[in-house]
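Dropping the structures in below, format is structure tokens.
Common to both upcoming complexes is chain A, partnered first by chain B, then by chain C.
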Partner chain A sequence: MVQQAPGVRIDGLTVVYKTPAGELPAVRGIDLTLEPGSITGIVGESGSGKSTLALSLLNAVQPPGRIAAGRVEIDGLGDVVGLAGEQLRKARGRHIGYVFQAAQNSLNPLKTVGKQLLDLGRSHGVEDLRGLVREAKDLLGRMGLDGARVLDSHQHELSGGMRQRVGIMLALVLNAHLVVLDEPTTALDMITQANILKIVREVHAERGLTTLVITHDIGVVAEVADRLAVMYGGRLVEQGPTREVLGAPRHPYTKGLIRAIPRLVGDIDEAQALPGRPPTLATVPKEGCVFRERCALRMDVCDTVDPQAVADGPRTVACHAVTVTVKEHA
Partner chain B sequence: MSATLVPETASAASTMRRNFWRGVWRVMKRKPSRMAGVVILAGFILMAVVGPMLLPEHLPGDTSSITQPPSWEHWFGTDPQGRDVLALVVKGSRYVLLTAAVTALITVVAGTAIGLFSGFKRGRWDTVLMRLTDMKLTIPGLPLLLVLATVWQFGSPLQMGLVLGLLGWGGVARAVRSQTLSLRERGFIEAARGLGLSTSHIIGRELLPSMAPYIAMNMLISVTGAVYSQVGLFFLGVLPYESDNWGVMLNLAVFQAGAMVTPTALGYLLGPLLAILLLTLAIVLVVDAMDEIFNPRLREE
Partner chain C sequence: MTLIARRLAGHLARGVVMILVVATITFFIVNNIPGDPMAARYEKLIEGGMAPQAASQAVKVLYGFQPDGTLWQQYTEYLGGLFRLDLGVSVSRPGTPVLDVLTEAAKWTVLPVLLGTLLSFLVGIILGVFAAIKRTGKLGDALAISGSLLHGIPQYVLAMLLVVIFATLIPILPAEGTVDILYEPGFNAGYIGSMAEHAVLPVVTYALSAYGGWILAMKSSVVTVLGDDFILASELRGMKRSIVFRYITRNAILPLFTLLALSLGLLLGGAVFIEKIFNYPGLGWLLIGSVQDRDYALMSGAFLLITVATILANIVADLFYTVIDPRVRSGEEAS
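Take a look at the complex of A and B:
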């Protein structure tokens, strides 16, 4: 069965968390399209809502959080937000492979990897368990591991990079064609990082996947992603082809992020941290631009009006200052 | 290709199972004390199951030798009716151990089920069940048992075990709930959910095994607890003397035979006391092995 890489359309997605201060949005009004066969990267600071966004692709936002509005259309699956119970459970793993944040800890410490693989197969009603084991061994071999040995190992017998690869294997082994990687290289050393990213790219190309990579590391995105989306305070502030966004950032937040990266050559002081702190769930402004407190281009309109995401060719930017200049040039 | 894989996967499963028992064996062998614990425990169980069958329904009393000190003929001496103390201990063990087993079973099953459900579901069910548990925990056990003793005779060990079990599950439920709450946030549970494993699988195959050493330990500890409370109740003399129980023996030894003042009755007192001591010791020694048996990391080397 040859499956096509599915496209994903996220439309007006809002996820709220119930707190003593009422329901506060962690992710608000996100519009994002993942083209079939593309690798999309989402970057943002801690608490910007990246992981919440990724979890809503699985409709797996845990209480006290819930998806308050919007749709997540996945080809061949329909609107995930409307799925529930068995249907949803079957979709996870089979349609959508998810590699969890800190995949190093996402293996059961009491069971061998092989046992967990069989559990996964049985849960999804796989008849040919032997084929599943073979597939897993192939995948592990593909990622430079000794499949038989890894399947016979407990979690504590594997290194961080190996566990990460096992996580990727478990996400792919049921032939899922939409893969979400949540912080795939966090807490790994540079060489292992490079290896994992190479594997992600190669597997993506070989199997014809649609991949979403969540990270706070712009370097990771630059390495693998075709498209880049920048999140801030639960909003998508800028998106577009990776090269264009990184080469000529428009939103002041993206500019600030890129300016904050220290360069290998030149003066170290050229790297400048963004002033201020990212907003938390409680402090994120209810109206107006979420970034205005830290923005150099702040205008009066930013206090009251939420900037709309304005498309310009393949790119979209949500910023009043940018919209004004675009209009002036036009 | 697939033909060669058939024996491979089949043997993989069986080696895993074999590994478990081999691991248990190794854990036991590492410390001889654990072995001793298991042997003593097995001895007690054998004694409770087989012992009373070998002895007559009513032990023969020898009126010519009442309240004798330990001798070669009667290892722990005789009671005021001239019955052999050792035989009385053996007869009493069935009541004591059966009660303990029933108590432990009820405590662990009810406590684990309520704790797991509460911790995994959270929300409204959690609140209701935990308030119920708190209420249960505030019930003072001993006074309640004394009151119940006026109504029921506790002639059957099952009845006794049921009451003790229903009084004992609160602590386990609380502990299992807190374990569940902490485990359910762990990465591998989140991953299991994200990979589409069913809830029953997550609870039964991921959460429960992680708590197995904990639950097993609680089970054994509630065995000792049940032994103490029932023996205590009988010793206090609030229950009728008809039952064969170590507590009855202790009571009679102290208040009838006067073991505190007459050295000849010392054997009558020591018999059941030594039995309780040995049983507790065996359980402590076995508990020591539990953690290593269930933790694959400790099982190695």
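Take a look at the complex of A and C:
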């Protein structure tokens, strides 16, 4: 068993969903590496495939979806795409902690948090249940909650921010070192949001985790992530160190996203919405660049050839227009 | 516990008001039905050669009162009687209090209905879970179709079908009655065995006719819960299948308890067809008889009993939720 932060290598991952129009890819040909001990942020609009990607890390894509191709190699576990049954169940929770969106009700409404914690412990063959409870109280305490009280509460007695911390506790209490947070701050107020992000950063550092944060909020990524990956239409269009990508975005979609953020100072009109709307499963182009319909730099080649991710130092970008300039500079 | 006591007190108060309202309505409706059974008997006695004075006295002795008060007096007397559990005297069985007739009939209704309903509830919810989990497969289809089919067949058709099959084509069960007259009434094997034998077809009819509703309701409830976030969350936390299964079933069964309580309350009076077909002297059978005999006292007594049963069933269901659903519990604390 790995006790230190595991690395994750996602290789050529494609996830398809069965629809009346046949199997359509929600995530296509993703290559992404999570370095041990890093916090990676994945940004994208609704429907860009980011949650599907997150679920793939646990081999938990829900029907009618399925992983059609690719590997998800996790240190200490191997390729999770090949895991099934008990092996897969034990990996979930033990090795990989998954934190749900705050707005979702991730707890059984009929049982107290404490009883569900015990269910979790029994599911994973934890013998020292007292120790587990102590660990849980400890984690909750570090997140600023009264552990004993929270364990004695039902879901409906907890606020959104408290539920989210309970979710983080349940993801970590079995000592998982790979943690996936799916929209951890959506539907929380700004102060709670800042609090949760601070907790994520602290816990990440204290426990030596590898963390993946999925969000549609670039601000969240800027706050916590070392590396940033931008998804659009099921494709990874750009990735690199957070500062570099935010400071000097290369892909026209990333540029558009950043331009769309309103600033605290200055005119609200400076923020410019990206024209057009993101593609759905059915409208994602089958060939060529997925972003071309909304792209200002569209060229003929974009209609027919899917741009490949081209590496440039720690950064990669998948765009015909950008690749040309990068090559010209080289 | 004080919380439950407070809830119970509120329910009982509301229940008493509801019962009074229903009793009032029944009283005035029955009072307005044409025909006067006492006058009819009085005239019969006169025709038999009795003197008017004596006939009037005889009627008074038979029914325990003389119907010569004003409507208001009769009404207050009736309500006063209710508080003393006095429902009056049966018209068609002079001299027998309505309450006695009802309790005698109730024992033939309550046990079979309870048995049939609980049986169908149990089988229905268990199969409903499978129907939901296997809903994309053949087993799920088969279960759902069995539910729709049985749900669609009217009770009396089902009852007659069972009689034809098990009493006529393959005569292994008695078609009607409650017990063979061969046996000495009392606590002996022959009598009880015969009673059980006679109860089989009515109980099976109750069970089969209710089963469809249960399996369909449970299936849809389970499907709803399966789509809830916390089920996926539990799976992603690596919870054991057996534990997740428990989470699903417990959450899915909650809304069905209301239906169970309601159907238990309603079945007491709703067993009319089945009891008629099986010639089973329960409350439904009694109700039909009382209508045919113009036994107004018995009629209003039976209506009242059904009302009380339904109200009680509702109260029980509501209190039950207070015990099993933590959200209901704290919702009350907050208010």
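Please note the rule applied: the second predicted complex is superposed on the first by the 325 of 330 C-alpha atoms of A that agree within 3 Å, B and C clash if a C-alpha of one lies under 4 Å from a C-alpha of the other, contacts with A are read in each partner's own complex, and residues count from 1 in each chain.
One rule holds in what follows: a residue touches a chain if its C-beta (ideal position, glycine included) is under 8 Å from a C-beta of that chain, and two chains touch if they have at least 3 such contacts.
The shown structure was predicted, so the numbers you read here are calculated from the model rather than taken from an experiment.
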{"item": "Room on chain A for both chain B and chain C (clash or fit)", "value": "clash"}
{"item": "Touching partner for A:Leu170 - first (chain B), second (chain C), both, neither", "value": "both"}
{"item": "Chain B versus chain C as contact partner of A:Arg134, first or second or both or neither", "value": "first"}
{"item": "Which superposed partner A:Asp152 touches (first chain B, second chain C, both, neither)", "value": "first"}
{"item": "Chain A residues touched - chain C or chain B, whichever exceeds", "value": "B"}
{"item": "Chain B versus chain C as contact partner of A:Gly22, first or second or both or neither", "value": "neither"}
{"item": "Partner chain(s) touched by A:Tyr98 [first = chain B, second = chain C, both, neither]", "value": "both"}
{"item": "Partner chain(s) touched by A:Gly114 [first = chain B, second = chain C, both, neither]", "value": "first"}
{"item": "Steric overlap of chain C with chain B in the superposed model, located at which of 59-67, 77-85 or 221-229", "value": "221-229"}
{"item": "Interface residues of chain A shared between complexes with chain B and chain C", "value": "58, 60, 89-94, 98, 100, 104-112, 119-120, 123-124, 154, 156, 167, 170-171"}
{"item": "In the complex with chain C, residue positions of chain A that touch it", "value": "58, 60, 62, 89-94, 98, 100, 104-112, 119-120, 122-124, 154, 156-157, 167, 170-171"}
{"item": "Parts of chain B lying in touch with chain A, wherever the complex brings them together", "value": "1-2, 5-6, 9, 12, 16, 122-123, 186-188, 190-198, 201, 205-206, 209-210, 294-297"}
{"item": "Residues of chain A touching chain B in the complex", "value": "58, 60, 63, 89-94, 98, 100, 102-112, 114-115, 119-120, 123-124, 129-131, 133-134, 151-152, 154, 156, 167, 170-171"}
{"item": "Of all residues in chain C, those that touch chain A in their complex", "value": "228-230, 232-241, 243, 247, 250-251, 254, 324-327, 330"}
